[in-house]
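Both complexes below contain chain A, partnered by chain B and then by chain C.
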Partner chain A sequence: MSQINSTVVTRNTEQALAQPTDWFTVLVKLSPKLLLLLLVVPVFGGLIGVILPAFGWAPVLNQYNIGLQAFTALWQTAGIGQMIMLSATTGFISTFVAFVITLMILAAFFNSVWLARIQQILSPILVIPHAAAAIAVGFLIAPSGMLARLISPWLTGWDFAPHGIFPHDPYGLSIIVGLTLKELPFLLLMALGALAQPELGKKLRQQHKVALNLGYCPMTAFFKVILPSLYPLLRLPLLAVLAYASSSVEMPLILGPNTPPTLAVAIMHWFNDVDLNLRLKASAGALLQLVVTGGILALWLLAEKAIRAFFSDSLTNGKREYGGAYFQKLTSVITLLVVIFISLALVGLVMWSVAGFWRFPALLPDTLTLLHWQSAVMQMGTPLINTLVIGAITTLLAIILTLLCLESEQMRGKKVSGFISFILYMPLLVPSIAFLFGLVLVQQLAQQSLAELSHQSSNVKTVYINYINVIITHLLFVLPYVFLSLSSSYRQLDQRFAIVAASLGAKPSKVFFKVKLPQLFSAILIAVALGLAISFGQYLPTLLAGGGRISTISTEAVTLANGASRRTSAVYALMQMLLPLLGFILAWLLPKFIYKSAQR
Partner chain B sequence: MPVIKFFAIYCGKLNLENLKLNFGEIKLSRLTLLLTVLFTLTLMLTLMLTLSVSAGEVTPSIKSNVKSSIQSNEQAEHWQNIESGGRNQAVFFHAWGGDPQINSYIRWVAQQVKAKYNITLQQVKLTDTSEAVSRVLAEKSANNNSQGSVDLVWINGANFAAMAEHSLLLKNWANKLPNFALTDPDNNPTVTLDFGVPTQGMESPWGQASLSFYYDQLATTNPPQTLDELLAWSQKNPGRFSYPKPPDFLGISFLKYALVVLHQQSDERIKAQLYMPATHSVTQPETSPAASAVTSPAALNNRDLILQPLWDFLDEFHPHLWRKGEYFMQSGVEMRRLVDDTELSLAFTFSAPEVPAAVKRYDLPPSIRSYAMRDGSLSNTHFVGIPYNASHQQSAQLVANFLLSPAAQAYKQQANVWGDRSVLVHAILTKEQQALFQTEQAHPSALAVNSIKMTLSEPHPSWVKAIADGWQARYGVSQ
Partner chain C sequence: MQPSLQINNLQLFRQHDLLLSVNEQINGGEILTIMGPSGSGKSSLLNWLTGSLPSAFHTTGEVYLNGNEITNTPAHLRHVGVLYQDALLFSHLSVAGNIAFAMPASNKKQRLEKIDDALEQFGLSGFGDRHPDNLSGGQQARVALLRVLLSEPKAILLDEPFSKLDVQLREDTRQLVFEQIRYHQLPALMVSHDHSDAEAAGGKIITLAG
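So, the complex of A and B:
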C-alpha cells in the first residue's frame, strides 16, 4: 500500500515541478512506472515466496538447508513423468484443437452473418467459471450423463448407470474436451476483437473481397489473405491460453484422472497437505510447472516457425481451391456439434438447478422445485455485492492503466520495453496456486508493517486492507487480459488521425479523448466485459488474498461445487454466467447502437 | 531496476528488523507477565496455607477445600475477565463449509452469541480445514503473532496434530471453560484425546461422529454387514462401491475401519501398535515390506507389519470397485453424488444425519437406507481450537463455551438441524437440561437410534500419514 501512496506523492510533486507540460502528459508518462510497480512487487514477491522454499529455505518449517532436497523428493514422486505428460499434452492439444476450430469457423463464415451468430452462441461459455463448466461437461459425458440418458433404456437396456471411463479418463480426454470448449470462445472473441477495429477490419474485408473476385474459394482466401495479418494479433492470447491450459487447476480437478493427476493439481494437493513439509516439494513442483509451461510455449513458437517456413511459398502459388466446399461442410458439422454439446450442457445445468428427484435413466426430472434457487438466493447478498464492487474497481483500474500505458507508448514512439511485457505476462505463466501463496506472505508482511507504522489496528481496517489485497491480486490477472485485448487494437490505430488532430492544434489530451478513444470504443467495451468476466471468475486469488473473509459468487460456487449437490452448484454456475453475460451483451450491442445513430 | 532495489530494501527491512522487534518485545513482555502472575499466586497460596496451619489443627479435607475454593474463585475470576473482555467483538470462525445444514447451524449459533454477548460470529467457509492451518502458518512466517485472522477453527485428527506440532494453537484454555465440566472430562477420555493425542486444553470438544453406511434399496436388498461380506458383495456387484481417494478424510476413515477390523483377530501386542505412533526405519528395503516385517522387531518398524494385511485386502478388493479401482472420487460428497447417479449402490458417511437431509433436498433418491456395520463403527470426536495468534481470543472462548452449552448441543443433535451427536455426558446434566435432548420421529432414510452396536476407536494419528503414503505408493499411479 505504501508503494502506491509513495507513487501518488511522487506523481503530485512531479506534477508541481513539471509546470510547462499539462497534467495529462505527466500522467501518461508516469503510467508505465505505475504499471511496473503494481506488477513487479506482487509478482516478484510471490516468486521469491516460492523459490526460497523450493531450494530448502523455509524459516517457518525450521528448514534452513539450502540445497536440492525438494527437487530430489519431487523426482522420487511416483508418476511424476505421467503428471508432466498429462499437463503438457492436455494443454497443447486442447489449445491446438481450439485454435484450429477457431480458424475454421473464421474461414468458413468470414463476412457472413453466421460469424456473429456463432459468437453470440459461444460467448456464454467464456463467462462460465471453469469449475462450473467442468461440472456441466462432466455431467454430459458421465455414465449417468445426458448423452447416456438420451439413449437409455430404450436402446441400451441400462436401468442403472453403465460402467464408463468418462470423466476422469486416464488419457486426459475429458480435460481436453473441457478446456477446448472454454478456449474456443476466448480465441474467437480475441480474433473478432482484432477484426472489429474499424481500420484493420475494413482493410482485411476489402482484401478478402478482392481475393474472392480473383476466384479464390472463401476459405482459401481467408488462410492466404486474412490469416497472415491476423495471426500476429492472436499470438499473445494463444500463448496465454497455452500457459493457462497447461497449469490450470479447476478443469483437471473435476474432469481429470487422479492416479496420478496433472502436475498443477498435484502441486495444489501438496500445498494443502497437512504435512507442512510437503510445502518444499510443492514449491519445487511449482518451478517444474514453470519449466513445463515454458517448454510448451517454446514448442508452440517452434511449430509456428516451422509452419511459416513450410507454407510461406504456398501463399503465393496462386492455387484457388483446396477442397473448400468439403471443408466448409465439415466446419458446419463441427460447429453444429459444438453448439449442440454446449446447449445440452446448458440445458442440463438449468434442469439441475430446478430438479427434484431425477433418477437415471429419466431424461427429465420427476419433479421441478425452486427450493435450490430459494436457499441459494437467500445467502447470496454479500457475495454478490463483493463480486460486483471488486470486479468494477479492478476492471476500471486495469482499463485506465492500460490505455495510459499504450498512449505513453505512442507518445514515445516505441513499444513498451521487453521487461514490462515480460512482467505483464508473468501472472499468466506462473501457476497461480504456487505464485499466490508467496504473494499472500508478502501482502501480510506489508500489512503488518503498515499496522506498526500507524500504531493502530482495527478490524474495519483489516477488512479494507483485505479488499485492497484482493483488488491488487485480481489486477494481476485482469491487467494482462485487458492489455492483451486492447494493445493490438491500439497499436493498429491509424496514427494519421492523431497527427492531423495535433497539427490542427489539439492538445494531447484532446487527441486522446476525442480522436483515439471513440475509434477504440468497441475494443474498450470488449476489454471491459472481459476484465469483468476474469475478475468474476477468480477463485484462488480471492480466497488467498482476501484471507477467506471476502466471499464472492466464485468462492461460494467452488466451495459448494466441492461440497454440495449438483443442484446447488448449478444455481451458482447459472448466477455466475448471468453477471458477465450482461457485460458481453452490452459490449456487443452498444457499438452497433451508437454507430447506427451516428450514421443517421 | 530501481523498483527492484526498493523492493529488496523494503523486504529486507521488514524481515530483519520486524522479526527481531516482535520476538523480543512481545515474547519478553508475555513471559514477564506470566512470571509475575505465577509468583503472586504462589505467594498468596503459601501465605494462606501458612496462616491456616499456624491457626491450629487443620484436617486434610479442609485444606483441600480451601485449595479448591481458591481454585474455583480464580476460575470464576478468570471467566469473568473473559466474559467482560470478549464482548462486543467479531469472531472469525474457520469451518468446513460444504454442508448447508452445518452452515445454517453455525448461523443459528451466530444469532445466539450476538444476543448473548454481542459477538459477531462470521463463518469463513473452508473447502478443506488444512487451508486454515496454512493460513496460520503463513501468518507465523510473516511474523504476525498477535493479529491472526483465524479466531476459531473447527478441527481434529491430523490437522490438530499438525497445528499442535508447530505450536500454532493457544494452550490450556479449553479445560477452563465452565461448560467443559459437563463433558465429565475425568471419566470421559473422548473429550481430552484427539485420535489418541492429548488435547492439553488446546481444543474444546464440539461433537462426535461415527462411520455409518447407506445403500440404494432398488439396487441391492441385502447390503454387506461386515468387511468380509463387503468383499463378497463387491465381487457380486462389480463397480458399485468405492471410497474417496486418500488423503481425503473419509477415504482414510474407510481404510482405518478396514485396518482395525482386519486386526480384530490379531495378537494383542500387534493390536496395541495401532494406538502407538507408526514407526518405520529407513534402512529397511522398501520394496519387500513383507520380508522386513517378519524379520524386524515390531517396536522398531511396526509400519509394514501393521499395514500389510490392509494392502493384501485392497489388492483383492480394488479390481471389483468402481472404475476397477483405477480412479477414485475426490470426496465423500462426490461419492454421494455418484449414489444419486446410480453409479454406486453403497456408500458411507461420517455424519449419518446428512443422509436423510440429502434425501429431503432431493440430493439422494428416496430409496436410500442407512445402517451400521456389525463388525464395528469407527468413531471420533471433533473439536474447536483457537490459534496462538488469534485477534479475538477471549471472544472465541465465549463462543466455544456456548457451543458446549446444553442448549447448543441439544439443538445440534436434532436430526432436522444437524444430527451431530452431543459430547455432553447425559447423567451429569440436570433434569431440565436432559429434557432438551428429546428425540422425534425418524426419517425412513435415517440411521436408526442405537444401530451402532460396537465402536472402534481411531488409531494413532501418525497412521493417517503411513496409510496415505503407503496407498499413494501402491495405488496412486495406475498402470
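So, the complex of A and C:
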C-alpha cells in the first residue's frame, strides 16, 4: 500500500516539473487550438449562415418562413441549367488542360536544365492576381486586341476591329483560357516542390535513371515510373484548383458571358441586389454551388480511378516507346506558345497603360502618354493604403500563428494531427462563395447585437468592424498558403542545432528566437511575400466581408475592368501585379544583407 | 565531491521493444565508449541524456549528474554539452557570436576577452569575426569544441565526433578533445564506430547488440 502511495507521489511531482511554466511554452502549446478556432468558426459559421437562409430562416431580413421557397425560386431562374453547365465545364476543362500540359512539360524535360528554366519563366505568373491575369488575357483576345492586330490586315483583311465573340463568349472559352494559364504555373510549381523534397526527389531521379538504363524513352519513363509516385502528392493541389476554378468569380466576371453568367457570378449578383429578398435565393444558390463543386471533385476522383485501372497493365507491358520524340517536339511547341501568349498579354497590358491614340490594325500605339498612370495614381491612395494595411496585418498574424504551431509540433515530437491539416486546407477546398455569404450574415448579426448592446453605432466603429471582418476572412486564405510554404523548411531544420543550443543552456524561447528563426529567415520572408500576394489578390472576400465599404486595388481593378476605359483598367491590373512582385523581390534581396554581417 | 555522470538501470524502449539497457557510472575525466551497429539505440541514448528523446520512445531508470537527478530536467537546464560529427555552427552568427551564444550571461568586455583568449589557445586567433561556413573542417571542429567548453558543461556527450575528418586531422582533433575533457575533469560518453577512437579514449568500452 505504502509502495503504491509513494509512486503516486513521485508521478505527481514529475508532472508538476513537466508542466509548462514560462509564457512562451504556454503560448506554443495553445497555438494549434487557436489556429483551429480561427479556421473552423468562420467556415462552419459561414456554412450555417448559408444553410439557414436557404431554408427560409433569416433574422437579418426578418424572414422566418421555413420552407423550400428559395430553392423553388432558384429552379425557376431563367438559364439556371446553363449557369451550372458553364461553371462545371470551365472548371473541369481548364484544370484538365492545365494538368495535361504540366505532365507533358514534366515528362519532356525531367532531369533537364530546361525544367528549371521553364519554372523560372512561369513562376512569376503565380503571383499575378486572377483579376489582373483576366484583364490581360481579355485585352489579348479581344477583337481589337494584340492577337487580332498581329494578323491584320495582311492575313485577315480587317481594317477595322471586327465584331468578335471574345472575351465574354457564351461557351466560356475565354474563361477556360484564363484559368488554364493561371493554373498551369501553380500545378507545375507544386509538382516541382514535391520533387524538391530531398529524399523523395533523389529516389525518383535515380529510379528514372534506372528506367533509362533499361531502355525506356525518357517520356515513357516519366509516365511509368515517376507519375505513379508523384500523383498522390499532386492530388490535393489539383482538387483545390478544381474547387477554385468551378466557383471563382474574378475570371468569369471579366472574361465570361453575362446571359447567363456562371453560377458563382449569378449568386454574387443576387446577393448584392438591392432587393434584399434575393439573398435567400443567393443562399440556396450557394448550396447548389457546393453540390456542383462537390460533383466535379467526385468526377475527377472517379476519372482518376478509371484511368488507373485502365492503364495498370500497361505499366508492366514492357513497351518502352510511345512516339516520345514526337511528343517531345509537341511539348516544346505548346510550351513556347504558352510563353508567347503570356508575354504578348503582358506587353499588351503595358502598352494599353501608356497608350494615347491607338488605331486598330496598328501594332503599336500612335502616341504614348503617362496621363493614365498620373490620374490613376492620384485616385489610388485609399485603396492602396487599405490593400497594404490589410495585407500586412493578415500576413503578420498568419506567420506568427504558423511558426508557433510548427514549434508546438517539434515540442511534442510529432506532426500536427491529420484533423488540423484537413481543417487547414478546407478554405481551399470549400468554394469560398458558399461560405462567405453566410460569414457576412453572421458578422452582420454579431454587429447588430453588439450595436443593440452598446446603444450606439457610430460610423467610425462600423469601419473598424469592417476592417476586422476583412482581415479575419483574408486569414482563411492566407493561412493555408503560409503554412504550406513554411512547414517544409521548418520540418527540415536539423534538429541537432536545437539540441546543441539547449545543451548550451538556451531556454526554449531563446532556441526559437535566436537559433530557429534566423535559420528560417529567408523561408519566412518568402512566406511573408506569398501571404501578402494572396491577401492583395483577394476580391470576393474583401468585397463581401468589407460590406462594400473597403476598396482595395483588387476590388477597384475588377470594377474598372467592366466598363471604364481600357487604359485605366490596364494601370490597375499592372499595379495588382507590381505589388506582390515587389514583395518577392524584397524577400529575395533582404537575406543577402541581413545575418551576413560576419566577414566572408 | 568528484564529478560524475551516473546512469542507473536505464531501459530504453521503442514502442514495446527493449532497445538497450545501461547501468554505468562515469567519473570526471573518464570517457565511456559505446559501440554498436546503427539501429542499436546509440543516438536514442544520447537523446535521452540531453533531454530530447522523441515521444515514440519511453524509458525507465534515472540519470544523476554530480549526485543530482536530472532525469526529468528540461534540456536547457541540464548542463550536458554535446558534440556531433558535424560542427553544427550557427551560420547566422560569426565564430565569436557562436561562442558568445554558449557562454553564461556576463559583462560584454569580459566575454570578448575570454573568447579571444580561448581562440588564441586553440590556434584560432583573429578568427572571431569570420563566418563559420568559410572555416576548414578542422577549424570548425575546434570552434564547436570551444563553444561547448565555454558553456561550462558538467558532462560531455560525443556522437561520432571525428568520423568526418581525415586521418591526420582526426588524430589531432581527438587528442585535443580528450585532453580538454581530462583537463576540465568532465565525465564523457562517446558513441563511435571506430576502434581507434575507442582505444584512444582509454576508458571502458561497451558494445551493443544490433
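Assume the second predicted complex is superposed on the first by the 396 of 600 C-alpha atoms of A that agree within 3 Å, B and C clash if a C-alpha of one lies under 4 Å from a C-alpha of the other, contacts with A are read in each partner's own complex, and residues count from 1 in each chain.
To be clear about the criterion, a contact is a pair of C-beta atoms (placed from the backbone, for glycine too) under 8 Å apart; a residue touches a chain by one contact, two chains touch by 3 or more.
If you're wondering where the values come from, they're calculated on a predicted model, not measured in any experiment.
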For A:Ser375, select first, second, both or neither according to whether it touches chain B, chain C, the two together, or no partner.
-> first
First, second, both or neither for A:Ile499, with chain B first and chain C second = second
For A:Pro518, is the partner it touches chain B (first), chain C (second), both, or none of the two (neither)?
-> second
Tell me which partner A:Leu301 touches in the superposition: chain B (first), chain C (second), both or neither.
-> neither
Once the structures are superposed on A, label A:Lys507 by its partner contacts, choosing first (chain B), second (chain C), both or neither.
-> second
Name the contact category of A:Leu384: first (chain B only), second (chain C only), both, or neither.
-> neither
Partner chain in contact with A:Lys414 - chain B first, chain C second, else both or neither | second
Which partner, chain B or chain C, touches the larger number of chain A residues?
-> B
Sites on chain A touched by chain C in the complex | 14, 17-18, 412-414, 494-508, 510-511, 514-515, 518-519, 521, 595-600
Partner chain A, residues of chain B touching it in the complex | 3-4, 6-7, 11, 14-15, 18, 90, 92, 94, 96-100, 122, 124-128, 130-131, 133-135, 137-144, 147, 149, 158-159, 161-162, 166, 219, 239, 245, 247, 323, 326-328, 330-331, 333, 337, 340-343, 345, 358, 361-363, 365-366, 391, 465, 472-473, 475-478
Chain C residues touching chain A in their complex are 47, 50-52, 54-56, 72-82, 84, 86, 88, 90-95, 97, 101-102, 104, 129-132, 134, 147-148, 151, 153, 157
Within the complex, which stretch of chain A touches chain B?
-> 3, 33, 36-37, 40-41, 44-45, 48, 58-60, 78-79, 82, 142-144, 160-161, 163, 165, 168, 170, 253, 257-260, 271-276, 355-360, 367, 369, 371-372, 375, 437, 440-442, 444-446, 448-449, 451-452, 457, 459, 462, 543, 547-549, 551, 556, 558-560, 562-568
